[in-house]
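First subunit A sits with subunit B, and in the next complex the same chain sits with subunit C.
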Partner chain A sequence: MTKRLWLVITFPSTTAAMAMESYCQKHDLPGRLIPVPTSITAECGMCWRAPIESRDLFDVAVADDVVSGGCFYELWL
Partner chain B sequence: MSKFVLDVRGEQCPVPVIKTRKALEEHGECCEFTILVGDDNAAQNVQRMAKNRGYEAEIAADAEGKLSVHITGQEGIAPEQPLQEAETVCALPVAKNGVVVAIGSGTMGAGDDELGRLLIKGFIYALSQQETLPQTLLFYNGGAHLTCEGSPALDDIRSLADQGTEVLTCGTCLDFYGIKEKLAVGQVTNMYAIAEKMLQASHVVKP
Partner chain C sequence: MIYLDNAATTVRKPDTVAEAMVKALQGWGNSSRGVHDTSLQAARGIYSARCKAAAFFGCRRPDHVAFASNITESLNVAISGLLRPGDRAITTALEHNSVLRPLYRLQDEQRLDLAIVPADSQGCLDYKSLEEALRQETKAVICTHASNLTGNVVDLRRVSELAHKSGALLIADCAQTAGTRPVDMEDLGIDVLCFTGHKGLLGPQGTGGLCAREGLNWRPFKVGGTGVQSYSRTQPQLMPTVLEAGTLNGPGIAGLSAALDYISSVGLDKIAQRESELTQRFYSGVRDIQGVTVYGDFSRERAAVVALNIADLDSGAVADVLAEDYGIAVRAGAHCAPLMHKALGTQERGAVRFSFSWFTEDAEIDAAVLAVREIAERT
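Up next is the complex of A and B:
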């Protein structure tokens, strides 16, 4: 499977990740929840994966405090 | 009936599959496609992708042995699956060791259903990212919803199917839930086949 560069946003909890999913659906933001890649952490969790070119669209999520405590990554997946 | 010819000879996998998929999308008004391919692997990959999207697809060879895939759909019905993200389809990383994943619920584990739906979605995504894929995915009871239109796991199940994993959904279950017409990936199966797949499997994985 060919890999591509993705924007990956992690969260401090599973409920925060689920809230992000609801938020993105409501605001029509691209992406989806996936299990956190092991290249970030070996621990269990869910993260938001979105096209890398959509990075700026998530400023609104930052402003709305939806990704508080999370981290932004750029990963080949 | 209009015709569309696409020449992908000389292209390396996964390019033939990607170009064919785009052609099916962009020329939805066409009802007959001929894809000229360079080798048998490309032919099989293109055929599998087309069949997974509900088309009839047959591989043919001319007198000189040149291969092509003839794809037809129902007139007036456009391809139902838009090209998602940049996921590609190629090769056959499917295990020949008979691993069967049996999914009998729309959730994973017992407890909170919302969490369970999230987990099964994540599980199927993770499955699709493995280097070695299961040979067969079985869906039954509540799991039958996952292979139907509107399923949040549909893209990942399609990706698995495109890569060679067999996807089978219980027909009794589709009928019970009234979603037989909504099946969007794989084939309908019955309990004899489900029992046979499980009995002949090297491992049965139940998430």
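Up next is the complex of A and C:
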């Protein structure tokens, strides 16, 4: 398995993760839900993983308060 | 069987409810317990139901909808979760034991200062007494939207205005109104709206929940597994996780979600109008029968419930004759509403309650009226 740098967004609850997934589908943002990597001290068991080069696309999600309470990471996975 | 016990639970449901439940039973994993497809299907389905419930009840945020197994649990969660030892709370004589018993327990065990606003002989709330009771510092008013015995609807907007003027929260028991008339927490000023899924909402038993406004300080009624913050000794404080320890009833919530779709497709106003017509049809048919006493105020808006007694007959005996001789299912007895029966003067023999739903037919109402007439004439 070759590691690659990813954008990882965590959430404070499963409901928040579901809201993010719904938002990303609606706004055609890339990525999918994955288990939270153990290298992150996460609150929710799932996180959003997206290509690192798509980082700027998620500014709209931040502006719309969809990732409130969550954190952004750049991780080799 | 003519089923007229819809205030207890609705039996006729949209076909899509059972279909959605079977699909969930056969395909959903455990929401928030994994990120594989079956778990995500459950999480997505439950999130979708949250969004629908939030829109349905005028709750600003889907994540402030917390599911429960029924409205008794919702009310326990709200009452035990928001009241603290020594607080003052106000409730009414219209309430079901799902409100009264949690409050009595706090009164007995945690020094809750509890005031109970009376009702008149028609079962109507005494708003003046409520206003007077609110003069002292009060944490919350816990009030039904409609009596499960008389069907009288409480003016919750008026109650919330009085409560908020005194800095108190309004916790509303919407067991008899959710799904049968528009109930909007913003419009009515409700701080915590408790609902059940299996009555007017036409969903399955084992479902219910609450919608909460933002900023409330919850002490969860139950704590445990959440799928998040597993190394924390305490329950996560974020809504809805704070109120949802343990595995959620995925198949039930799937059914509730389908029921919400059905009601939205029909239209709440249309359902309310139909249930009002059914209630008036029955009331008009029985009110002048000699020996029949009907309880409640029929001059104002009401839920689709009519309670009555026939002469001096025991309410249970009347219900049994209706079931055995006429094939009509109704509810007799105390209806878990002891203070309401006291106000009506019916605590000794209870009352016979007929309650209707969107699926009740005119012919069923007419058959019930005829049955009441025949029983009264034989007495």
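As a working rule, the second predicted complex is superposed on the first by the 74 of 77 C-alpha atoms of A that agree within 3 Å, B and C clash if a C-alpha of one lies under 4 Å from a C-alpha of the other, contacts with A are read in each partner's own complex, and residues count from 1 in each chain.
Note that in this section a residue touches a chain if its C-beta (ideal position, glycine included) is under 8 Å from a C-beta of that chain, and two chains touch if they have at least 3 such contacts.
The structure presented is a predicted model; accordingly, all values stated were derived computationally and were not measured.
Visitor: Quick one: is A:63 in contact with subunit B, with subunit C, with both, or with neither? Answer first, second, both or neither.
Guide: In the superposition, A:63 contacts neither subunit B nor subunit C.
Visitor: When the two structures are overlaid on chain A, which partner does A:35 contact: first (subunit B), second (subunit C), both, or neither?
Guide: both
Visitor: Quick check on the superposed pair: does A:51 touch subunit B, subunit C, both, or neither? Answer first, second, both or neither.
Guide: The answer is first: A:51 touches subunit B but not subunit C.
Visitor: On the A-aligned overlay, A:16 touches which partner chain: subunit B = first, subunit C = second, or both, or neither?
Guide: second
Visitor: If you stack the two complexes on chain A, which partner ends up touching A:4: first (subunit B), second (subunit C), both, or neither?
Guide: first
Visitor: Mind telling me which of the two, subunit B or subunit C, contacts the most residues of subunit A?
Guide: Result: the larger residue contact count on subunit A belongs to C.
Visitor: Determine where on subunit A the residues touched by subunit B overlap those touched by subunit C, and list them.
Guide: Residues 14, 18, 33-35, 46, which sit in both footprints.
Visitor: Would you tell me which residues of subunit A are touching subunit C in their complex?
Guide: Going through subunit A, the ones touching subunit C are 12-19, 21-22, 33-35, 43-46, 69.
Visitor: Touching residues of subunit C toward subunit A in the complex: what are they?
Guide: Those in contact with subunit A are residues 31-35, 40, 43-44, 46-47, 50, 62-63, 227-230, 236, 238, 240-241.
Visitor: Where on subunit A is subunit B touching in the complex?
Guide: Touching subunit B from subunit A are residues 1-2, 4, 14, 18, 33-35, 46, 51, 77.
Visitor: Applying the document's contact rule, which stretches of subunit B touch subunit A when the two form their complex?
Guide: Spelled out, the residues of subunit B in touch with subunit A are 14, 85-88, 90, 93, 114-115, 118, 121-122, 125-126, 129, 159, 163.
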